[in-house]
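Okay, here's the structure, questions in a sec.
By letter and in written order, the chains are A, B, C and D; residue numbering begins at 1 in each of them.
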Amino acid sequence: MNDLFLTVLAGLQIGAIYAMLALGLTLIFGTLGVVNFAHGALYVIAIYAAVQVAINVDFTVALIVVPLFLFVVGVVFERGVIRFFYDRPHTDQILVTFGLAIVVEEVAKWLFGANNIPFPRPDWGDGVIIFYGPGAVIPPVPVFQEAPQLWLPFIDGFVTFDYWRIILIGVTIVAVSVLFYLLQFTRFGLIVRAGMRDSDMVQFLGINIARRFAMVVGLGAAIAGVAGLFGGPILGVTPDQGMKLLVPSFLVVVIGGMGSLAGAVLAAVIIGLSLAFTADNPDIQAVIIYLIAVVVLLFRPRGLLGRKGVFE
Amino acid sequence: MSTTSDDRSAGGIAAPAGDRGGILEVFKREPVALAAFTIVIFSMPLWIPVLGGYEGLATLIVIWGIFVLGFDILLGFTGYLSFGHAAFFGGAAYVTGFMYRDVSDNVIVAFVASQVGTLILAVVIGLLAMRRTGIYFSILTLAFAEMLFAAALSIFAPLTGGYDGMTRLQEPNLFGVKMDGLTIFYIAAAMLAIGYAMALRLRNSPFGVMLRAIKENPMRLEYTGINVWRYKMAAFIISAHYAGVAGFLMVTYEPYVATKFLHWSTSGEVVIMSVIGGVGTLVGPIIGAGFVLYFQNVVQAVIGEQWRLILGLVFVFVVAFLPGGFVDLARMVWKATGNRLRARRHNVPDMELTETKYGTEERLR
Amino acid sequence: MTMTKKGASRRSVLRGSAALAGTALVTPHFFVKNAWAQGECATVGNFPVEGPTVTFGFNVPMTGAYADEGADQLRALQLAQKHINEGGGILATLQPLALTGQGVLGKQVVHVTGDTQTNPDAARQSARRMIERDGVIMFCGGSSSATAVTRQYLAQEMGIVYMHGLTHANETTGVDRRRYGFRQFFNTHMTGLALGPILANEYGGDRAAFHLTADYNWGHSMSGSIKDATEAQGWNTVGNIATPLGATDYSQFLVSVLNSDADVLILNHYGNDMVNSVTQAVQFGMRDLQKNGRDVQIVVPLYSRLMARGAGDNVEGVFGTTNWNWTKDNPGALAFVSAFEEEYGFPPSQAAHTAYVQCILYANACEMAGTFYAPEVIRTLEGMTYSGDGYDSESLYRAEDHQSFHDILVVRGKAPSARTSEFDLLQIVDTVPRSVVEYPIDTFPGELGEYCPA
Amino acid sequence: MATGANGAAQDRDDILQVNGVSKRFGGLQALGDVNLTVARSSIHAIIGPNGAGKSTLLNVMIGLIEADEGEVVFDGTPLRGVSPHNIIQRGIARVFQTPQIFPGMTLLENVAIAGFSKRDGQFTVNPHQSLKRSEVMDEASAILRRVGLGGKVAEDAGHLSRGDKRRLELGVCLAAHPKLLLLDEPTAGMARHDTNKTIDLLKEIADTGVTKVVIEHDMHVVFSLAERITVLAQGRIIADGKPDEVRGDPKVREAYLGGEH
């Protein structure tokens, strides 16, 4: 049981990063129809911004500054690059954003080197969390005594897990909820959702879609910023992070259904869990994500939760 | 170079003689284009050192030229963007490597084996991936190629040498003639010339017209009595074989199989080469391949550590401002110098995000 | 005919054209290489060297995960070039020494660079460019065994000596050993021999070890060596999971470790893999955990100062081995470190050291042999004993497998408070003498191949 | 199937028989027990208010939509399970409601594709075949002249007006030398002058023995062309007969007046 519990936690945490990146990707795709291969590059900008602020100022400051900064980066990115590609073939969009991703990676390498920059975690997030069951005796190690503890009925004895990763899962849940709230209950969200269904019609109604488009990219980038803030201390701060996350998070979007936010979250969880549960078997783990993608695309081409008619 | 004379004929069948250039013109030009192409390729060892290149680079360009040429048959003609062409390049490379290491050092044996391997792969992947169009096709091909890559590194690692690649190959030879230096270059160049001639023939035959029609409107084609599925599969398999031949030549030239041959970055490189050169023009992608390889191997040494940054910027620039690639640039220059040419842009075909191009009728299903 | 302008360096053009003389329209026939041939082989690489300079190829990763190591190697190689041409550095300490500080055999050394991209295929292509276009007589550098092995085969084919950079897999001088390749760096087997006894001494003789192993040749080689060495000390290996090369998240693997009853975690990772796995192991509380009544320990068999820096404070107390460290205080090390610091303002890494020594050793061997003719240079290096290369005692280039044997350092990560600078990350626990790690030649099978290239 | 054998035996002058075809889309009965025969070499019109199921019926005939029940027999062979391109190869051609052409190709290429389809069958790889001065190309340009597009052979089809696209599609269909031509509103969007030209063209084609089934709203077209008229309403046939009979049928008037007009 302990084993299962820890594996599920590990899976959720792996899925959390994918979920946050895939959400941004699918949001931008759904609204703007642009396949943004530079989304990984936004994540790279986020981790470097986060680690610089965290080391030189404070992580708490980074908590506010980094998502805002990424929002601005996203808006500039849309106004400066993407908008010139709305009328271009999707292939061009993919290629130009892919080219930019290379440029960002190389600039990051130029400025900060190819090696990892240690990303110290704030005191409130450091250490482990202890899950304990009935009758557990936690050893009198100071680190354990100070660590947050949670009673769960099904745990045999006690288990430890990285506290930061639990925070990451929580942050992801919050980020997803905030995003859904924004889209479901605000005027901005109404327009964005309408735009996802039919951008021509929204434009026809005289709504300034351009400004909203910039906001959408900004929003997607800001989520990548949050992912970088909380993912950086785990996955490391190297220039190639973006490229490493690009293909899996893109597959998550496709598996979930392009343009489907709920689908992206669902697919991220599925991918995360399947990676965690195949950890003991590298042969299967290496192909599992592609296997899922192939099966889904062959039997349900529009993805798990993709809506019919919109992206079909 | 033969660029301008050749891409002119890209329209395939044009008007009957008289109107505007047209059919006769094209057919007069096909042998000319082929001859010019062959001369340029075969003389590469003579002129590439002038540009700071070297013999090995010429061989590389020719091999990758075959690869991108086949890719252009699929993307440029049929409009299917494969993100997984590395599967055929790398697959054939591994089969070739396996033959050289464990079976025979004879290039003919390896060639046959590698092409059989490519055919099997192409049929299996094609049967599954070709059911989908647009971006879903791209993702499926990517997924299959990556599965193959992952398998080569894990399940088949004892056979493939895993991440380190396949080493300890015997020196390939053709009944005692070693495959090195200019020998392999001329063999590869001959294969490229043959491949180019075949591609030209295909394009200017009814078959090529059908492939272009698939790109334009597959439903209309089906309801004109054409078996669209078979044409698509044929294009896919032919395209895969070009990649397979390139993979075979790569290992014959360098008796070593790198895992990168199967990696998605190899598929990506082919896309980059095609786009930089000009999709759908046959020569364009080959020029693109030449440019990228020249940049990676020669300009790199001049620029030093930041060469990839510069290459990325060049790439962004070309995609943004030269949607038709270098061939478009040549065409623009040609036009600017007062030559009137029918302006048919060979832009990258749109990769449909929609599942099908079928019109309103299809929705009823 | 531009191709033959440089004349002598166009070996394969000539050979190819001979084969195709009947068919090719224009073939360069101006030179017949045999006219210069010396000794047993018809043609050897880019020999002879014409003109007042000789070209070395510096073939290091400039892009990709090991770009920083590559950059440090490049610095060291340029420094070596400077010392060969102008004197200085370990020319003051190296014995036997034939170099005079005025180039090699009366020629000034110039260099060309190439990017291996930490990718075997790209490495081979860039090495080939150096050989074919730039006419290098030797190339040097690199930061992974995969790139090292593939270029070593190319070196043999082309008749160009390759002085390895950082390559730690046994295969390089084991089953894949080549006559034209030389490795100064140590290997996983030597790491095991050096580390095993010290681990047993430190942590006790009855530990249960769990391995996380990067899923490629070096990783498995490393894991096997450590397993053998620790089990010989009475340890028990309770698990081994292969992790994908370049993985970023190790939580799913660490969970398996947590669930086992292992009390030592061995991370057979290098580069960013090592940075990530060691960091995340600490994040999971492995260093604070107790199992079987003992503190859980983490071991990183192959250390690199550059990588340790990436892992920050997490390497504190973690054991490992390294080929060399800048804090060594023998005359050779001091000469090299001070020259490097003077030039660049910070101390060199072990990657820099091996590249530097390799380059100078090659030049020295040419000077000793009195020729650039590769078979003679190779014979000079084979079986050579030398000192003053940064180690306390004498080193040896073994003739049978081209593996260099020298002292090896067992180190552990320093606590942040104990560091004197941002480069002072590793504390030398023990300098394991050459005699301990010098394993018999029949440990690994392999054939070096011929002195004549093929 | 009994109906199939029965239908084939019934009247050998019928080129097409629709036997008891039904089709549902969700809750909507698009076609309900439709029985229809089309006589060889005739012009047969199908009319009815919007949403009556006319296009669906044509789609069933060419295999674009599979019927829930019933079958379509063409020239004595049932078409169930036959793939669309094979149905077309047997001699049916279809002009769609929204013109379906190859927009990025020249008019000549558009028509030539159908010519190759007729000549080479559904699939062939024969790179030696030349496009040059082949009989297919000659015929294609003749057909383009015939449909009134002779001056635009080298233009990209995508740039044509809607009416011209319709004509081009007709040309594509003619090049396949069909036995049966299905036309879905061939004159929609055309000016009266062009409509008349099209009527003349269709009559001319009929004289060559090609059977035609036409869906049309324009009663002028219907009554100047059709030899027989079938009226569909809500997926069912409410009248079937010669133009004069249908014109006087009260059920038809009711369907139209009670429906839309």
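Quick notes on this one:
Convention: a residue touches a chain if its C-beta (ideal position, glycine included) is under 8 Å from a C-beta of that chain, and two chains touch if they have at least 3 such contacts.
Bear in mind the structure is a predicted one, so any value in this text is a computation, not a measurement.
With every chain reduced to the mean of its CA atoms, the largest distance from chain B is reached by D. Relative to the whole-protein C-alpha centroid, the nearest chain centroid is that of B. Annotation: 38 Å between the Cα-based centres of chain A and chain C.
Rounded to whole angstrom units, the spacing between the C-alpha centres of chain C and chain D is 75.
Rounded to whole angstrom units, the spacing between the C-alpha centres of chain A and chain D is 52. Touching two or more other chains at once are residues 106, 282, 286 of chain A.
The residues of chain C that reach two or more other chains are 63, 67, 71, 215, 242, 244, listed in rising order. Annotation for chain B: residues touching 2 or more other chains are 153-154, 305, 308. Inter-chain contacts, as defined above, occur between A-B, A-C, B-C, B-D. On the chain A side of its complex with chain B, the touching residues are 33, 35, 84, 88-92, 94-96, 98-100, 102-103, 106-107, 110, 247, 250-251, 254, 258, 282-283, 286-287, 290-291, 293-294, 297-298, 301-302, 311-312.
On the side of chain C, the complex with chain A involves touching residues 63-68, 71, 215, 241-244, 246, 248-249, 251-256, 258-259, 272, 275-276, 279-280, 283-285, 288-290, 306-307, 309-314.
Interface residues of chain D facing chain B in the complex, by the touch rule stated above, are 25, 55-56, 59, 62, 64-65, 83-86, 88-89, 93-94, 96-98, 100-106, 108-109, 112-114, 116-118, 120, 122-133, 136-138, 141, 153-154, 172, 176. Chain B makes touch with chain D in their complex at residues 11-17, 19-20, 22-24, 27, 198, 201-202, 204-207, 209-210, 212-213, 215-217, 219-228, 230-231, 234, 359-362, 364-365.
If you check the complex, the residues on chain B that touch chain A are 81, 128, 131-132, 135-136, 139-140, 142-144, 146-147, 150-151, 153-155, 264, 268, 271-272, 275, 305-306, 308-309, 311-313, 315-316, 319-320, 323, 347-356.
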